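Presented sequentially are two complexes of subunit A, the first with subunit B as partner and the second with subunit C.
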Partner chain A sequence: MKTTELLEILNGIFRKVLKREDITLTESTTAHDVDGWDSLTNMILLTEIENKFGVRFSFREIVKLKNVGDLCQTIQNKTK
Partner chain B sequence: MKKKNDADMLAAIVRASNHHAMRPALVLDDRTYTYQELFGLVGSLCETLKNLKEDIIGITAENCIETYASILAVLLSGKTYVILHPDYPAERNCRIARQSGIGLLLYCGENGNMLPADINARRVCFSSHQPTSYSGIMPYNVDPEVPAYIIFTSGSTGEPKGVPISRNNLNAFYQAYRNLGWELDENDRMLQMFELTFDVSIVSFLYPLTLGACVYTVPQKGMKYLNVLDIMERHRLTFAAVAPSVLRLSHPYFKEISFPDLRYLIVTAEATDVNLLHEFRPCIPNATVVNLYGPTEATIYCTSYVIPTEGAKHHNGMAAIGKPFQGMDYMIASPSGKPLPAGETGELWIAGPQLMNGYWRAPEKTAECFVTDLSGKLYYRTGDLCLTDSDGDIMYCGRKDTQVKIQGFRIELGEIEYHVKTFYKHSCNAVVLPVYTTDGSCELHLAIERETEDTESLEQYMQSHLPSYMLPRRIHFIPCFPQNNSNKVDRNQLLKNITQ
Partner chain C sequence: MSFISIEFVLLFLIYFTLYHFVGDKGRKFVLLAASGVFIGYFNTVFLFTALAVSLFTYGAAILIEQAHEKKRGPRLIYWSSISCLILCWIGFRYANRLTGATGFIFPLGMSFYTFQAIGYLTEVYWEEEKAERHLIDLLLYMLLFMKFLSGPIERSADLLPQVHKLSPASYPMMTYGLKLIVVGLVKKLLLADHIAPYIDGVFDSMHTASGVQLFMACLLYPVELYADFSGYTDMAIGIGMLFGLKLSPNFAHPFAAQTTAEFWRRWHISLSSWVRDYLFLPLSSLTRRWGQWGVAVSLMVTFIALGIWHGAGWTFAVYGLIQGLVIVWELRTEKIRNKVREHIGKRLFATLSVIRTYLIFAVSLVFFKAQSVSDAFYFLRNISFQTHTSWKEINIGMSDHICIVAGSTLLLILLYDFFMSKGDLHLRFEKQSALVRWTVYYLIVFAVFAYGKFGTEDFIYLQF
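== the complex of A and B ==
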């Protein structure tokens, strides 16, 4: 899946979970840039993403995620 | 003379810094600083501070060596520090600066503009201080009643309350804390995950330095709980004091987490769920788990309970808080202030040398929280409901009033309500309700007594007046609040309405 398609799907998940329509993610977006993306909502977001793509993130993978680009990369590696 | 020195926390830190000069003192963003490097910077800052007349020093909280060196330098030069947080609204920092009477602000990088120009404090950028050659530092001989720090806690009038902790308080705490029987030395690697505006950060940072051990601080960037677990794993930490939320949030990954080097896990800052802890145990096979409890007003912690692997004592799933620290005394008080027998729930009152003398420049607030028993002993009323069991262990049963704890921060709901009502120019009522989710975490819901309307400007207003942990997660408009028999807002009914 192309990164642009992936970002579209992630936008949908983030908008739904964080209840904000104005979220547009890019590869360089970090939690700091998105209102409401905190430790608590991060758990919900990751679960939604895992369900959507039928993948499971390990603890090590999650620790390494520094921005949305890393997240895309991890999903792409898992769905290859 | 020797005995007196032994009881002094700062003297112990200076001794350890001389003795362990080449050992690591601080690991920060994966960079290691030795005692020599850290105290070189401290020494240079001490020189500057000693030549200045200002006694109350503001420090901007950042995850950098200069911040930690500044705290040590203020303590060693006999002055008082107050932490200002760059992420907090300017208005709150301003109130804290005014109330505490900060005469000087030590800042890092770009944070020199944190306070508005009308706050008359000298600004000193600490990165301009290059470490001088390492020379012995001596703690400045100062009146032990001079506060070491002032921590600001939430107040119901919208005005934060300053808790000044004196050198005497800090040393009484140090003596009692040491006597808990830790087997720790200069080889230990110890976690400091707390915000510097929260007092558990002080023991997490200062105590390891009394031993010559190494402190690992947690980057504030990204997801904090993940940073905590990452540091604990990669650096094989041996001692970690954490908020129970770290366990709650890492629950999905328990099977992948393993900390065999961890010898002590301290759970603190809020009630610990014994069932969750039980599930976490296989991750920490060699650790003793200790629940430490205490209000800021009684210097960081004042009771302890070693939570056993099996048969942990609890009340509604919340771990017992155990027995008072050496030198501290307590009473479970009835509403009329009489001591209650074991098994009966009442307010926990605390007495002893760890108690502050009173809120900073707020005698009326001090009078509200201190009480004297029939024998004349002075107690601090914690506002926590507790009971003791037949072994004399104290169980925590919840908050007496409308204070709650979120991410370790004590919040008076009245403070949030106050700002919301101010936004509406006191034309309507507002109630903040803690909603406990099934995993035990607490979310704040705001109910406003008026017709539904757009909340954007209200949210902006709250963001500019309250730190993020105090912002309600949901806002509900209810045209008419339910009332109870005495015509007070029925908070329980309101809670039912908004959670249905």
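== the complex of A and C ==
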């Protein structure tokens, strides 16, 4: 799946979980850039993403996610 | 040796001078010697304990890294090391209770450097950090005197690179550091130490105090704790700057928080972010299949652990439990709060939310401060507006002079926090004319000497 398609799907998940319509993710977006994306909502977002793509992130992978680009890369590796 | 003592001023002056006269390599030894003297001055056992934990951490990190390289048993080494550190900490913490003896003294700073050690080993285990091979650098990371007693709990990624390349403090850094020390002294000597004896008095005699006195002590204790602990932290960060080091911030105007979750992102930040990264994150990852319930369980465990970190006893566990429960409740009621905000307007909602958050914290601190849970419940049950004899009891025994000094200082601190939240007040102040700047400096120094309460060297967080 292309990164642009992935970002569109992630936008939808973030908008639904964080209840904000103004979210537009890019590869360089981090938690600091999105209102409501914090330690309390992070795992709920990841669970939604796991369910959507039918993948499972290991804890080590979660620790290494520094921005949305890393997230896209991890999903792409798992869905190849 | 407290920051506010002649011995410390002497130690500081000697090592500060040496630090800025020796070469690059010498600076590490000067800082290490200063830290050794500082810790050993309290008790040589404290120094040996800290050295033992540091050496253990140094070796364990290298072993974990080597095990990663060979792909043989990093998990076992990591968990064994963490268990050893925690058991050692619990052993010292609960020694008196476990043995029934009263001779054991909990080594000063142990809770803080043990957490630094666990954080560092975890980063090496997660392969986010390399194991430090220079023993002296790791010892400095663990033992630096300005943050040894009560933090900030430093991250290896922040402090080790600075320790690798110690440099003399620049002139702007020195003046900034000095200003922070003065801000810390104002908080401690003009506010915390003035009101502390009277709040202690109400807590010690809660069974005879009037309802209004209990109410005022409950309202004022967060102010005392903030002035004391953030005052200490300002001094620690300021002293660090005089040695060219940037320590982590611990407070970000916490009383402006509109929710308890936000409050904990602003209060004792180095501890709350530590438990977030090394406890809440793994726990919430483990329980993420449970959705909101997983977050709730992880929050409760994390905050109870944060409470227990402060000491043995149910009071601290209840203190943590209250924080966890409130944040879970806030998560569950976000929709309702948003509706209320729309209904009553943003500004009024924000004001009420700030007051609510402060009151919840004040109530939880009654458990933090009381000797037992039953005492805390007695205290809270008897809070009222009733007096024994007159409304003058509202000052909980403080003279008019103390009320004016402490009240004015509190106002100044709140204004300082407000302006700091809008941008760096110190840097903006630099742009004022020399006359304005030096008038303010002299006024503050005069106020500290004329109205400060000297003679109390202890800080509240020393006991943890």
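FYI, the second predicted complex is superposed on the first by the 80 of 80 C-alpha atoms of A that agree within 3 Å, B and C clash if a C-alpha of one lies under 4 Å from a C-alpha of the other, contacts with A are read in each partner's own complex, and residues count from 1 in each chain.
Please note the rule applied: a residue touches a chain if its C-beta (ideal position, glycine included) is under 8 Å from a C-beta of that chain, and two chains touch if they have at least 3 such contacts.
What you see is a predicted model, and the numbers here were worked out from it, not measured in a lab.
Visitor: Pick one for A:Lys66: touches subunit B only (first), subunit C only (second), both, or neither.
Guide: first
Visitor: Now for A:Ile44: first (subunit B), second (subunit C), both, or neither, which partner does it touch?
Guide: A:Ile44 contacts subunit C only, not subunit B.
Visitor: State whether A:His32 touches subunit B only (first), subunit C only (second), both chains, or neither.
Guide: first
Visitor: Just which bits of subunit A does subunit B share with subunit C as contact spots?
Guide: Comparing the two interfaces on subunit A, one with subunit B and one with subunit C, the shared residues are 39-40, 42-43, 47, 59-60, 62-63.
Visitor: So in the complex, the part of subunit C that touches subunit A is made up of which residues?
Guide: 126, 128, 261, 276, 280-282, 284-286, 288-289, 291-292, 294-295, 299, 327, 331
Visitor: Going by the contact rule set out above, which residues of subunit A touch subunit C in the complex?
Guide: Listed in rising order, the residues of subunit A that touch subunit C are 39-40, 42-44, 46-47, 59-60, 62-64.
Visitor: Can you check the complex and tell me which residues of subunit B touch subunit A?
Guide: Result: residues 221-226, 229-230, 245, 249-250, 252-253, 256-257, 441 of subunit B touch subunit A.
Visitor: Quick one: which bits of subunit A touch subunit B in the complex? Just the residue numbers, please.
Guide: Where subunit A meets subunit B, its residues are 30-32, 38-40, 42-43, 47, 58-60, 62-63, 66.
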